[in-house]
Amino acid sequence: MAKKKFVAVIGGSQCSKKEAQLAEKVGGELARRGAILVCGGLGGIMKAACKGASAEGGTTIGIIPGNDRQAANPYVQIPIVTGLGEARNVIVVKSVQAVIAIGGSYGTLSEISHALKNGIPVIGLNTWSLARNNLKDKSIILAQSPAEAVDKAIDLVTSSRSEE
Amino acid sequence: MAKKKFVAVIGGSQCSKKEAQLAEKVGGELARRGAILVCGGLGGIMKAACKGASAEGGTTIGIIPGNDRQAANPYVQIPIVTGLGEARNVIVVKSVQAVIAIGGSYGTLSEISHALKNGIPVIGLNTWSLARNNLKDKSIILAQSPAEAVDKAIDLVTSSRSEE
Amino acid sequence: MAKKKFVAVIGGSQCSKKEAQLAEKVGGELARRGAILVCGGLGGIMKAACKGASAEGGTTIGIIPGNDRQAANPYVQIPIVTGLGEARNVIVVKSVQAVIAIGGSYGTLSEISHALKNGIPVIGLNTWSLARNNLKDKSIILAQSPAEAVDKAIDLVTSSRSEE
Amino acid sequence: MAKKKFVAVIGGSQCSKKEAQLAEKVGGELARRGAILVCGGLGGIMKAACKGASAEGGTTIGIIPGNDRQAANPYVQIPIVTGLGEARNVIVVKSVQAVIAIGGSYGTLSEISHALKNGIPVIGLNTWSLARNNLKDKSIILAQSPAEAVDKAIDLVTSSRSEE
């Protein structure tokens, strides 16, 4: 297997205009850095990220929850059709070496959780913060901009590579 | 289908002695209140809750992640064998009308997230607290004791019933 | 875990009257023999088997494909809600020690296949027959009546027990 | 979404030399016809098909059952990591518009079943044949050579397209 870089962009299927702009920039920057974009394949953050990646000639994969490939957003080049509902969230994060979370609701939080459970690093842009038993959990790596988020993701993918 | 009450108890497969005591009390109290206990079927919180429920004559269901029914803790009466890994977390929460979370790590957080995503109420005992974009999320209903947690869970199950 | 016997009854969600009668007898006989019935939770063969088991005081578990416990047939006592679509077929067979197939279409065939793949014995009543590369595959154990099917299933469960 | 053609090649993770040659030719021909190859990502038929497709510059996707992307065969360009065990078989067939089955055992039969259940056409090369209640089931479309199998698959994908 060629040493490709796989990065997920996760976030709500509905999102603010500002969040969509962040996601589009993240998608574009990932493509420029040679990473393949994996996402849940639907609208909102997922669509914006795929749009950004496609505009830069990147490859986009959408792991969709339903049974109809037509449900994938128009910028998904490779739809993976699961019919698994939210259980597909597990596949989104297991298929990548780093996750970038932008905003998001409980579905996004489930993906963050599954990623952390599996030791897959999560970079956060305006997303969830966590505390356990009143102790702040610092596992989500904070980023202040799309470029910083992608930099951190690519660095983590590259370092995880050298361990393989 | 008889109008049974199904409540999940979620938490780490490893836990402190104090957490195990909380879980055992929750399990016992759920059984006394006539609720069927659903959990992930393994050790720690899951085992303690099943032990408590069994001691009170309750029914215990363990949705296990692997392929071997022998992996279920000895207090699971009905093992459901999924082979799905963590994707089984989705089934644990979808199969109940209320969730009680005790302590827990990222697996538990994924179950909390999937529950909230599906509109299934979550009662928390010494567990995760959440904030989104720096705004506290108050969806997890706090409880200070096993009895209070079970009271709240049973109330929520009963009220969800009347809406059906 | 108590040494319970778990047997699945699989078959179409639509079936002939004759097939339903077979399934009801199988369900009833399984209950009389102390086995817990696992099925896909919906109509047709599944409903008839659950009806038969319930009439004899047996326990019935329905692993349902959708997100709504109300979709379970009225004789399912314990609905397991997966939201996984047909991927739930894997759980039906992995959760038991023997499978009885009655009639059925491609969904049933997928369950037969998953069972055989996992080394779980399948007893067939008027169901699929298989050939591979023109060689008859005799893995499905034929039965001529509900009583014979249940006899064979219970024998297989009991012998698989002694190996554990 | 570009109007891409997605075709699965399914078969055993162990296979004869002759079957591997068939699979490699199928993979190569699919690539020449512009189809993206989807498979279960492991060895045997899957590896041979991916090898054939890669040699012709095609794209190969492997939906792997475990948690480790390194388990994908070396000709998988895009590994999708599910951790779902055999439940991943459902994803393999739902993600394509036609399936080519070569030889295979019960895992392959489960994929054939899930495909037929979902109305996805299956072309068979030296694979299972089915009968239901002693009536031959002719749903599997027979092919005598890799070229014929690919021809039929591509025709079916194209005609399913015009209906969308």
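Some points to look at:
Order of writing sets the chain letters: A, B, C and D. Residues in each chain are counted from 1.
Note that in this section a contact is a pair of C-beta atoms (placed from the backbone, for glycine too) under 8 Å apart; a residue touches a chain by one contact, two chains touch by 3 or more.
This is a predicted model, so every value here is computed, not measured.
Setting chain C aside and leaving every other chain in place, the chains that still touch stay joined as one piece. Each chain's centre was taken as the mean of its CA atoms, and the one lying most distant from chain D is B. Contact count check for A-C and A-D (C-beta pairs in contact): higher for A-D. Chain centres here are Cα averages; for chain A and chain C they lie 40 Å apart. Work out the mean CA point of chain A and of chain D, and you get 28 Å between them.
Along chain C, residues 67, 83-87, 90, 118 each make contact with two or more other chains. The touching residues of chain A, counted against chain D in their complex, run 1-2, 4, 36, 59, 61, 63, 67, 69-70, 72-84, 90-91, 94-95, 118, 164. In the complex of the two chains, the chain A residues touching chain B come out as 84-87, 90, 103-107, 109-110, 112-114, 116-118, 126-134, 139. If you check the complex, the residues on chain D that touch chain B are 67, 83-87.
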